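Have a look at this one before I ask anything.
Naming follows writing order (A, B and C), and every chain is counted from residue 1.
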Amino acid sequence: MTEPYLIGDAMTGGYGKGPDILHGCTIAVNPGEIAVIVGPNGAGKSTAMKAIFGMLNVRSGSVRLAGQDITHMSPQDRVIHGMGFVPQVRNIFPSMTVEENLEMGAFIRKDEIKSTMEQVYHLFPILKDKRRQAAGELSGGQRQQVAVGRALMTKPKVLMLDEPTAGVSPIVMDELFDRIIEVSRTGIPILMVEQNAKQALEIADRGYVLVQGRNGHTGTGKELLADPDVRRSFLGG
Amino acid sequence: MDFLNAIVALANYVLIPATAYGAQLALGALGVTLIYGILRFSNFAHGDTMAFGTMVTILFTWWFQSMGLHFGPLPTALLALPFGIAVTAVLLLGTDRLVFRFYRKKKSDPVILTIVSLGVMFIYNGLVRFVIGVGDQQFLDGERFVISARGFKDATGLDEALALKTTQVLTVVVAVLVVGALFWFLNRTRTGKSMRAFSDNEDLALLSGINPDKVVAVTWIIVAGLVTVAGVLYGLDKSFKPFTYFQLLLPIFAAAIVGGLGNPLGAIAGGFVIAFSEVTITYAWKKVVTYILPDSLAPDGLVQLLTTDYKFAVSFVILIIVLLFRPTGIFKGQSA
Amino acid sequence: MKTSMRTPLLFVAVAALFILEGSTNWWIFSGSWTAALGILNMALLSAIMALGVNMQWGYAGLFNTGIMGFAALGGLATVLVGTQPTAGAFPWELGADGLPQGGWRILMGLAFGALTIAAAIFAQRRLPKGRMRGLSTLAIIVVGFFVYRWIFDGGVELVEKINPATSGNIGGLGLPIIVSWPVGGLFAAAAAWVIGKTALGLRSDYLAIATLGIAEIIIAVLKNEDWLARGVKNIIGLPRPVAYEVNLQADPAFVERAANWGLDPATASTIWVKLSYSVLFAAVLIVVMVGAQLALNSPWGRMMRAIRDNETAAEAMGKNVTRRHLHIFIIGSAVCGIAGAMATTMDGVLNPGAYQPLRYTFLIWVMVIVGGSGNNWGAVLGGFLIWWLWNAVEPLGIWLSNILTVGLPDGNWFKTSMQDAAAHFRLFTMGIILLVVLRFSPRGLIPEK
């Protein structure tokens, strides 16, 4: 098997000097794919993503991006190396306009950002209409679009989303998933943590079910949805 | 005619002084609000920073005056202002490096930073007394009036005089220029936008690759500019006395909180709200009222709501009312 | 060093400073017992204030920057309780307009003012939300204000006319001045209740700004309301709870005892008076300290600290945090008020112009932080140490400038400016001490257990 584009390989670790939350957990994603991390509450879903993004101590195991070991790189440097990250909460600049949010997303870029911004507007047309409006005044779903758009402005080589549909209505959720699929079609590998396991696994090329910081089940979204074990234990039958 | 006289008296004693004072408070409050937005603490050393910047400007002014350097009809202090700002910026950056940075890196509680700022306040206060003493200092030169009382009376034939001091016009003009430049910087430049982003959401700003050290340094430099300009304008308009500057802390904080801490537009609005309330409430309205009302109803008292000694009470009461009914300020600030 | 030994050793060291201050004029010490006792008395008062602030900050994390105001209210209490009544200030006849006159009218005016505010609050709370509510509240306040001024000003006019050269104020109750100490505490408590009601429960620095403001306003009231305590004309010659020097010197038994000690009557009487104050103040300090320690170690004190360390958790457990904070804010402020009354009693003068925030508010903060916030012993130690230092900085500055300018002729500009500057070393040094302690020993000399 060839090396995946982004892989958190057998990661063990926790926050600061605290106890380990992850125990030999492996997560990977390839271009054109959507990888989804699901699992019961407290299984370490968000922690696994934060480990890949360098926000906690990985005591053993490694994180590799395009074959390069980035285990000890700071989150900021990972952004420069092409990782885009959308936090679960506080993921926009509320008092700034939508356009300014996007500009700030591209802060580290020195080249022309106009075309990237057009691409984001193409992907999320509503943002173009509201470009002069303060992001904090938008609806929940629109704010999530701003957040994803902001992360896309760095032209990331991989996009990581931490529960992008948390707190939005089912209709908005479906729309957000559609957008995410569209982003994925542009060839960017997407790794996301999702609370809404069923819907997320439906669009997942890879699914990871975490149980207590360990890989419980791994497979394609369809496989996992069909797995009676997975269904029984946390999809609710 | 009486009506015109009333308007002139009103302008002379209330509108013009309050506008100038409001502009000075607004500049001071902008500094407080920027520090709050970026560094996230209430800086008690602000009044003494203001005194320091003004002091340095005064020293340069005296030096220029002794060399015979003047600025035509304008106060020489304007020439000295850039030097005052530069020295104050160096002081603030040095203080940040030696004092505040440590707590920032440790992510200390904001109230600890506020207490730390008390220590800085003591040191700045001592420094100013050390260099220039505690007394009143005059450093105004150049043309005193744009419109003199006598000139106005002769020209209009009214009983009431209107005097427009150079410093009052200067205050408003400089304040408009400074505020304009600040807003242009915050809204149009990359660095300015990165400051707003940092103020909005620090973690996300870091994720976006915004360099916090640069943001903080730029903030201190801007604060040095605002605070020195505010202090020099206040000193030119009234006079420079270190303790008065310490006391300005209260109306300045009131202005910043009334406008909404962390919100620059609010700081300006707050400055004018405080200044106009202070002046209108402590002004003796007898003159204006006498002109408007028929003679039979003319008041025998001063028609003054509060004596000027209670001007702090005015900012305080407004502050309390805002805290009670709208803790985030008129314009929404960062926190309740 | 073991922690158990640390506290007594620090206290011994500070005691040694005071003994050196009185016994030797070597280095920066004055060698005068009168001076040493003078410093000690203020140190005792500072320690009491520091205890009050430590309750607020150390137990509850409340940031009070209005200590000066609470102390000044204590000072006001000495006048209103301790001085003799002003003849004619409270006349029993009604005036031409049918209202009581003088002091009665002032009290009536104040009561009406309080009623207006209460009515406005009532309207705000009870009326249905909307424009009517805002307008009626505004109307109550505006009408109330003018009626209040009409009643109040009439009273003030009469009172201030009574013998303006020596009196012109409503006078006091003529009670023993020690009674004013608890009354000062009550005054401060009442002011703290008003501030606490409005600013507690908001961000911690809002309380700081609000208290800073109220302190300035209290001082402004004392300076301008001549009917109250003669404003900037000052009240002098407040009665004393201890003996007067002249009386002691006229007492043959005292003079003889002084001679036995080898002291001249003048020095002996000064020392006696100061010592009497020291004993009184020490007694109050001990009472406050015992109370503070008992409170700290009671279930109530533990709950307070639990709230300070985790407000959210305490709230989740059903504790009304703001209410608890209000209690402790009132108690701590009352302690400051008591100390303020004691300070004015010792001075024998109420001079509103003498209240400086750097000295009365922020210096107390240096004491609490340096001593060890959260620890009562620390606050007391900080009070003694910092107050001694505050006095020692000036001789220290002169000593330092003498060393720096050694060999320079008199009149050299550097020498002159260094000598002038020595007086300003105080604030500078206090700032440095505060910053150094916060940075390198943030828990203070005697940390909280």
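One rule holds in what follows: a residue touches a chain if its C-beta (ideal position, glycine included) is under 8 Å from a C-beta of that chain, and two chains touch if they have at least 3 such contacts.
Just so it is clear, the model here is predicted, and its values are computed rather than measured.
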Chain nearest the global centroid, as defined over all protein CA atoms shown: B
Looking at CA centres, what chain is most distant from chain C? A
Taking each chain's centre as the mean of its CA atoms, how far is chain A from chain B in angstrom? 46
Chain-centre distance (mean CA atoms) for chain B and chain C, in whole Å, is 30
If you average the CA atoms of chain A and of chain C, how many Å lie between those two points? 58
Per the touch rule above, chain C residues touching chain B in the complex are 61, 63, 65, 145, 198-199, 202-206, 208-210, 212-214, 216-217, 220, 223-224, 357-358, 362, 365-366, 369, 421, 424-432, 434-435, 438-439, 442
Using the touch rule from the top, collect the residues of chain A that touch chain B in their complex. 75-76, 79-80, 85, 87, 90-96, 100, 103-105, 107-108, 150
Note: in the complex, chain B contacts chain C through residues 41-42, 44, 99, 102, 110-112, 114-116, 118-127, 129-130, 246-247, 249-250, 253-254, 257, 305, 307, 309-310, 312-313, 315-316, 319-320, 323-324, 327, 335-336
Taking the touch rule as given, give the residues of chain B at its contact with chain A in the complex, in rising order. 190, 193-194, 196-197, 199-201, 203-210
